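Take a look at the structures below.
Two complexes follow with subunit A in common, the first pairing it with subunit B and the second with subunit C.
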Partner chain A sequence: MAKFFNSLRDGVGFDLILVGAAMLFLLALAGLPLVYNVLMSFQQVDMFTLGQLIRPFAGFTNYAAVVAQPEFWLVTRNTLIFVVGSMTGQFVLGFALALFFAQKFPGAATIRGLFLVSWVMPGLVVGAIWSWILAGDFGVLNSVLRGLGIIQSNIFWKSDPSFSIWAVIIANIWLGLAFNMLLLSVGLAAIPRDLYEAAELDGANAWQRFWTITLPMMRSTIGAVLSLGLIGTLQQFDLFPALTEGGPANTSNVAGYWSWQLSFQLYDFAKGATVSVMMFVLVLFASILYVRSTRHEVRG
Partner chain B sequence: MTRRYTPWALLVVALALAAVYLFPLYWMYVTSLKSGSEIFANPPTFWPTTPNPDIYGQVWSRRTMSTFLWNSVIIASGVTAITVILGTGCAYVLARYRSAWIDVGLFAVLMLQVLPASVMITPLFVGFNQIGLLNYPRLAVILAAAAKSMPFFVVLVRATFMSVPRELEEAALVDGNSRVGAFFLIVLPLARNGILVCAILTFMGSFGEYIYSKSIIQSPALQPASVGLSGFLGPNSSDWNSIMAYSAIYVTPILAIFVILQRRIVSGLTSGALK
Partner chain C sequence: MKLSTFGLAAGIALGALLAAGPAMAQVTLKIWSIDGVDRPGIADTFSKEFDEQNEDIVVEYRGIPFDDLVNETLRAFATGNAPDIVSFDNPDFAMFSSRGAMLDITDRIANSQVIKAENYFPGPLNSVTWDGKYFGIPKYTDTIGVFYNKDLFAKAGITEPPKTWEQVAEYAEKLTDPANNVYGVTFSARAGEEGTFQFLPLIQMSGGDYSNVNTEGAVAALELWKKIIDNGWASKDVLSLGQWDSTGTFNSGNAAMAISGPWEVDRMVEDAKFDWGVALLPTLTDGGTRSSALGGFDWGIMSTTKHPDEAFRALEYFASQDNRIFEEFGSIPPRSDIPLPETGIALKDAALKVFQEQLQYAQPRGPHPEWQKISKAIYDAMQKALTGQMPAKDALDEAQATIKGIVG
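Our next item is the complex of A and B:
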């Protein structure tokens, strides 16, 4: 017994307690729910069986029912547009800004740091602000675009079915752009300066230096940033209730928000769980990419 | 000669970029100060003609913001406490050793970091319902949100621990300290700043928590400020100066903390987020 307590204080038991407490907590509140989610997607769940653990087995009927929903393919398409659009915007603009702030000038680090306020703000507030900027009649974005002569008449970003998903994408790009830029800046700073000097002596121009040095040297950073972007975009929820609530007619609805609507607005918990299991398959794919791209750093 | 001016030209461009990027924040404050009719002026005024800060007092009392913000503080403090207490030790162990088991642990943490809240909320709600935790909705939200924020905290703090020299800890052990003693007296104080920054990040993140609170907490007296804001938001909202005043009251403390600690937060993120 004394040996046991001694190990807790001064041996491997100490480490096991430290890591075990956190792991048990995560297992109970993230691992178990995940398994439970898969289980629920194969059960009949309604308001009457909500409090029971044992429920009638439903086989794949929930999955069939979800796919048969008229909005299923629309939501799938929107999810893809949302993910690809947000990631492209965040990455391209983030990379451009990271390259710009890698130049040497006074205050570069401080100004770059200020961009990050978008990332620490509550998602719902970001959604509220963009909701007002993108407003159709009196929104400032329409007014600026008209002033610049880019558009002739107002775009109803949030209520026009062909623009509603883009309203959320614009807000999401703003939200995630700074984080992308910051991570890419770290990758840029890690490239040895003398590589560039050598290439310059050899007569490589800026474009060639970018393609032959910057991009290859940043491969693992780019992989990590892209997969984090994919994960972050799939996690995005707050902007939807703040901007469009998935509307009009589901034209801006994505899997994550739809799953929540099914569970908490229509109280169809089985379908909600089913959609989120489908979405989790996508997340799993993203996380394999992420773990692969950071694998060699994990041991560092 | 041109070389001497380039840095300053770059600085001007950088300031312009920052101004464009931060315009939404400016627009929030400006809109909140505008009168009801000026908001719907066409073209919009970029500087309020008659700034009127009275709206802040009105929104504060009409929207019972003190209750909402207090609940946000309670939830964010609870999440931060659980995350820091459990996450710090976990990060320390994951930083100290290299073995197959540590890799398994790290992999588990990385995988949990990627779970979207919208995937977890349905099973958590049903599970909490079954064990009766929904009767303590704020506690339920704290537990759920802590599980969400802990993996990111562990990843960041692990990077902090990796920068603490191992030799210092070993020297303490040689001097007769126990593992517990060396951890609390040597390692923790050295990693204190990094942990503090990550704790503040966790607090900021859960101060804006929305999806769990919205789904779990029914009573308005217990809801946080994010749910309070959603109450008058939506496709048909038009009360824009109140919404922007509410948003301004809600985010200004976070922005203030961020600007004060900007350097530390950025360096904390850059050292850990990619690992």
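Our next item is the complex of A and C:
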């Protein structure tokens, strides 16, 4: 018995307590809601049985019903466009800016800091601002594009089915740009300078240095930025109610907003839960890919 | 000695407290609504007055933001902590009354000296009715009509506001002036309740209703709306603009007509630098069936209340103050027996007269317990047709199939 308590104080038991506490915390705050959510997607949930755990079992009928919704494939397609579009934009522009501000010139650090303004702004505020910028008749973006001679007539970003999803993507890229740039800047700063000096002495040009030193050394940072980007993009909610409400006719609706809409606007909690479980499976798949790709990473 | 004096005093105090207890047997009423969250409104003001006037009743009023009210009440009801009285937006009411969450007050209304069913406009009254019984009383109401810019009308040589939707399109064409950034008409066809709010009346005018949306008249009306947008007589952004923003373009002179409701009047009096008027919502054919959307809130007692008598007394008090809600809160009373007082602002008084007349034709959305799903089917179909993704007929047929699955 004494041995047991000793082990709790300074042995293996102590480690187990630490791990156990963390696991308990995870289980209670992340695990239980998740299980509840999965459970709910297999039950017949009613607005008035929301507080109960035991409800009639529904099998896969909720899943079948979600797939049978006329907007299901449209929402799936939009979600893919939204995720790929937002992540590409945020990453490419973020990386370009990070490389730019990694150059030594006066005020580089200060200006880079100013970019964070976009990141600290709440999504709803960003949505309201972009809502004005993207307005069809009197929007700033249209008048700029017209001034540059790129377009002849106004684009109705929020109301035209072929542009509505891009309206949200543009706003989301702007919102996530600073975060990407910041993480990538940190990764850039961690690469030892002498590598570049040695390469330069060997006659490598800028493009070769980027391709053979920067990119490989940034591998883990890029992996982290992309996986965080995926999660952040799937989580994005505020911009949708502020810009398009998923319209017109669901052409800018994505899984995350749809799930909220089903649960809290249409009070169809079972379908809302079902959509979020589907999203969860997607993220799980993406995280497995990410973990596998970084497993054999060599750290410099 | 000292100790015993203290003991005596304590004893007397305790005795007094016990004796006073039963005499002041107070009933606590919990009242929830959206008023009082940002500025004083009907529910919080009247609740406080009712509390002060009744010694035997304590009112605990709670203001909840609009977007959270239904969710919060659902949760409270599911866990047994529901309020005694709650006030909902009228399309949300049926969801609660149809599921036995609201108290049936039909008999109480029949015996009441204050609340009389026949005093109410039929539309608002219908929204608290389920299965032929009354589950609440209307709190205030509103509806929509056409605002028109008289100056622009005169310039285009048009003397009368439009009577039919065909005329709306015809006038809109004449009034559209791209050189001056003027659209002929503006309305709200957004992906939300406001979209249904503005389009459902056209379905109703065609002889349909929420469970019968693919009527010939509705298809024709939707095609007409599409024509108005396609020809640039209305901005394409009506698909994403709410009524408040849409009417904002009317106020700034960028639209010659606007479909909206009395909540716009105060701002319009301030902002609009031109002569304007309000007309009844146009019909599909000349002299055809009238309809318009019904907005506004309802009062109801939740079925879990332990004090139905006191709660009904509160409702009676609220109803007895209906004649104050226009002057003090700018809302239209849901009753035909209360004349609206003159405000002295000619444009406003004229506008409100039209809206009061329009209220006779206002029809509720639903009532149906799954209203939100029906509403989504309607505004999705409307938007599919307006953006040209589907012909109007097919879009409304699809909505009809969805709604049939919900209504049964």
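Just a few scattered comments:
We adopt the following convention: the second predicted complex is superposed on the first by the 255 of 300 C-alpha atoms of A that agree within 3 Å, B and C clash if a C-alpha of one lies under 4 Å from a C-alpha of the other, contacts with A are read in each partner's own complex, and residues count from 1 in each chain.
Methods note: a contact is a pair of C-beta atoms (placed from the backbone, for glycine too) under 8 Å apart; a residue touches a chain by one contact, two chains touch by 3 or more.
What you see is a predicted model, and the numbers here were worked out from it, not measured in a lab.
In the overlay built on the shared chain, the residue A:Phe156 is in contact with subunit C alone; subunit B does not reach it. Of the two partner chains, neither subunit B nor subunit C is touched by A:Val83. Contacts of A:Glu71 after superposition: subunit C is touched, whereas subunit B is not reached.
More residues of subunit A are touched by B (comparison of subunit B with subunit C).
In the superposition on chain A, contact is made by A:Phe48 with subunit C only, not with subunit B.
In the superposed pair of complexes, A:Phe264 makes contact with subunit B and with subunit C alike. Of the two partner chains placed by superposition, subunit B and subunit C are both touched by A:Thr244.
In the overlay built on the shared chain, the residue A:Asp15 is in contact with subunit B alone; subunit C does not reach it. Residue overlap on subunit A between its contacts with subunit B in one complex and with subunit C in the other: 50-52, 135, 137-138, 158-159, 244-245, 247-248, 264.
Across the complex, subunit A meets subunit B through its residues 9-11, 14-15, 17-19, 21-23, 25-26, 29-34, 36-37, 40, 45, 50-53, 97, 100-101, 103-118, 120-133, 135, 137-138, 140, 143, 147, 158-159, 174, 177-178, 182-183, 185-187, 221, 224, 228, 231, 234-235, 237-238, 241-242, 244-245, 247-248, 255-257, 259-260, 263-264, 269, 272-273, 276-277, 279-280, 283, 286-287, 290-291, 294, 297-300.
Listing the residues of subunit B that touch subunit A in their complex gives 6-8, 10-11, 13-15, 17-18, 21-22, 24-25, 27-28, 31, 39-44, 82, 86-87, 89-90, 92-94, 96-98, 103, 105-127, 129-130, 143-144, 146-148, 150-151, 154, 162, 178-180, 183, 201, 204-205, 207-211, 214-215, 225-226, 229-230, 233-235, 237, 240, 243-244, 247, 250-251, 254-255, 258-259, 262-263, 265-266, 269-270, 273-275. For subunit C in complex with subunit A, the residues that touch the partner chain are 70-71, 74-75, 77-79, 95, 99, 101, 181, 190-192, 235-240, 249, 254, 370, 372-373, 376, 379-380, 383-384, 386-387, 389, 398, 402.
Residues of subunit A touching subunit C in their complex: 47-52, 70-71, 135-138, 156, 158-161, 164, 243-251, 261, 264-268.
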